[in-house]
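Okay, so subunit A shows up in both of these, paired with subunit B first and subunit C after.
Up next, the complex of A and B:
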């Protein structure tokens, strides 16, 4: 009767630092203060680097160069107080998730502000704004998760959600939905009642 | 990070139990009020309240779930299982009024599991029980979620106390997500720490082994 049910589910939450790692692939513009020929990497060619000429590089390289004081980072154009205020207001106004300028806005804000806050004007305001946007969105996520459960819906559309946002609630939501599914399948009569007799 | 030396098996929750789940093993010890429908010959010693040799037909006794499930048969009526009071009509109305006020841990820490297991016994109220258990879960979900995702760096014992063991597991999972995010946000995730295995490692002395 007690069939051995192989538990496929590994209880692994993707660690936020892994999400951050993924975000480091995004490109950002830097202004180098050294010159170097094009460098050829598996992920693509970077450079050439000339002093004073802006060039697009992945975030991981930008941060590395910045830490060695070899460049100045140009903040992405959404990382701006006016634009972020607009996004925040739209986010508060709408019931669904508003489009977000970067799928890694939270991670990039943290990385860039922590390592290159001297290159970003009004860093503190930006930090607060991004945190506001995050809080609004997470509150929305929780609200929609609750209505998803209480209305017993079968599917949901999660447009404009970022990986980090999904990641904070993924395990909890999946486990809850699993429980709910099992409790709901109890209501189908005869699903397990006959099996308990087969000794 | 929360590292465990083994992977705990999740409880089966539904009508099927998970054989290796510790929660389901504990659940099978839950007592159910039963009524015998036949005479159990020479088993009177099990019933401490009477001195008879047999357990007579129609006597009421409590049985653990595993025994009741084993003895219960639809065709040969050996015993009938009555509902524990949390699953009866009276309590079901309480749950449908406001599921969040009930202390499910006190009402039997395996409310959902036992409720599902009760469906094995052909009770006429089965559909209502299944419905009540599901609605209770849905009704309490918001509170479980909110407390799991808001309580950061505080004592959670008061929040956890009224939760069923299933909800407690969910609460822990939710806390895991929140804590991981907070650790990342405050920057402590990037700091390397010694593994708890290394910290707790002590050389075993030969004298300890010889005891």
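Up next, the complex of A and C:
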């Protein structure tokens, strides 16, 4: 039995670094200090780049240029102390998950603050605020996962939940649900769901 | 199920006639990657997408060979190629992992497939699965079975290897609105009920319920 359940893990698992990888496709505005013609990437055209003129690029490129000291990163609109305070307060007030400004808010905050904190005003406050928002949301997620299991629900709506948040609970929640399902279906004779090695 | 599958393959055939931009192609690859990663069973192979992406990558790499070293643009192109290659490898790898895990069932499904229906496996994956089955059987025979009493010298792989568990829960995001999706009850005291899946909403439910929607592309596993 245990073997069966464990063997499913590898597929369902997503590494946090892979979620971060996805977040790097989001666009961010940079102010380059070099000039370069338009680049025709497979995923779309970028540029042209002119010194001092803002241009939108994917995060992976922005971070690379930043590391090579070729640009300044303009933080996204929502990465602002006042806005984040509002979001945090709303998140604490509401019982459900409040809408979030970016589906990758956690990953982007981490990436941008780690690599470009000199371009982001009040970086430390932002870090704390985003961590507060994250903690509040993950606590809600744990509560709802708990009630989902104890009420033995078969469907849950998870609007506004981000991929990284889902990822924190994915393995534990899905494995628990699968375990409980197997325990239940094994009690009913004749259910074909768990034949083979389980016996 | 088989109806839904053949419909979906018709759809994808239609798609390929439309001109897809490379950016859309990459987006399709990423969708396929996440779906394959999170679905408990092996999904239909997307060899068309894989081939097109490979073509794009090879083409771009050929162009880059002509560029001198240290060119800024070339380094950006290389980074993009690496990122796409990562997704592509991860996609193919997660398929092979499933083949290794469920090979007897996948081969059985392949055998019972009607002529004309699209195969779940690419030709390479099919060869891999057959070889994996043969090697596993040879190995079991050499290590254990030949030392057994004669009546215990065979092993039925279909029974020995667990089936994919389609009743697993999955997380999903809705891309096209769906009405009246039946949710089966968890316990005897509960009743079944229907839900509407609004576009853009996210859900946690059993894979079996929404498997046809994954195939048709109406929902994305997350």
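Definition applied: the second predicted complex is superposed on the first by the 173 of 199 C-alpha atoms of A that agree within 3 Å, B and C clash if a C-alpha of one lies under 4 Å from a C-alpha of the other, contacts with A are read in each partner's own complex, and residues count from 1 in each chain.
One rule holds in what follows: contacts are C-beta pairs under 8 Å (C-beta built on N, C-alpha and C of every residue); 3 or more make two chains touch, one makes a residue touch a chain.
Quick caveat, the model's predicted, so the values are computed rather than measured.
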Margin query: Tell me the contact category for A:69 with respect to subunit B and subunit C: first, second, both or neither.
Written below: neither
Margin query: Just checking: does A:114 make contact with subunit B only, subunit C only, both, or neither of them? Give me first, second, both or neither.
Written below: first
Notebook entry, point to check: Who does A:142 touch here: subunit B (first), subunit C (second), both, or neither?
Noted result: first
Notebook entry, point to check: Touch check for A:39: first (subunit B), second (subunit C), both, or neither?
Noted result: second
Item checked: Contacts of A:152 with subunit B and subunit C, given as first, second, both or neither -> both
Margin query: Quick one: is A:171 in contact with subunit B, with subunit C, with both, or with neither? Answer first, second, both or neither.
Written below: first
Note to self: Contact-wise, after the overlay, does A:20 reach subunit B, subunit C, both or neither (first, second, both, neither)?
What the structure shows: first
Next item on the list: Go through the superposed model and pick first if A:184 touches only subunit B, second if only subunit C, both, or neither.
Entry: both
Check: Where on subunit A do the contacts with subunit B and the contacts with subunit C coincide?
Finding: 4, 7, 10-11, 152, 170, 178, 184-185, 193, 196-197
Next item on the list: In the complex, go through subunit C and note every residue touching subunit A.
Entry: 22-23, 26, 30, 37-40, 56-57, 60, 72-73, 76-77, 79-81, 83-84, 86, 90, 94, 97-98, 101, 159-163, 165, 167-171, 183-187, 190, 195, 201-206, 222
Note to self: Per the contact definition, I'd like the list of subunit A residues that touch subunit C in the complex.
What the structure shows: 4, 7-8, 10-12, 14, 18, 21-22, 24, 34, 36-37, 39, 41-44, 46, 60-61, 64, 148, 152-161, 163, 166, 170, 173-174, 177-178, 181, 184-185, 193, 195-198
Check: Which residues, counting only subunit B, touch subunit A once they are in their complex?
Finding: 1, 7, 9-10, 12-20, 24, 69, 73-74, 112, 116, 119-120, 122, 126-127, 130-131, 133-134, 137-139, 141-142, 144-146, 148-149, 166, 169-170, 173-174, 176-178, 180-181, 183-185, 187, 189-190
Notebook entry, point to check: For the complex, which residues does subunit A have touching subunit B?
Noted result: 1-5, 7, 9-11, 13, 15-17, 20, 110, 114, 142, 145-146, 149-150, 152, 164, 167-172, 175-176, 178-180, 182-187, 189, 191-193, 196-197
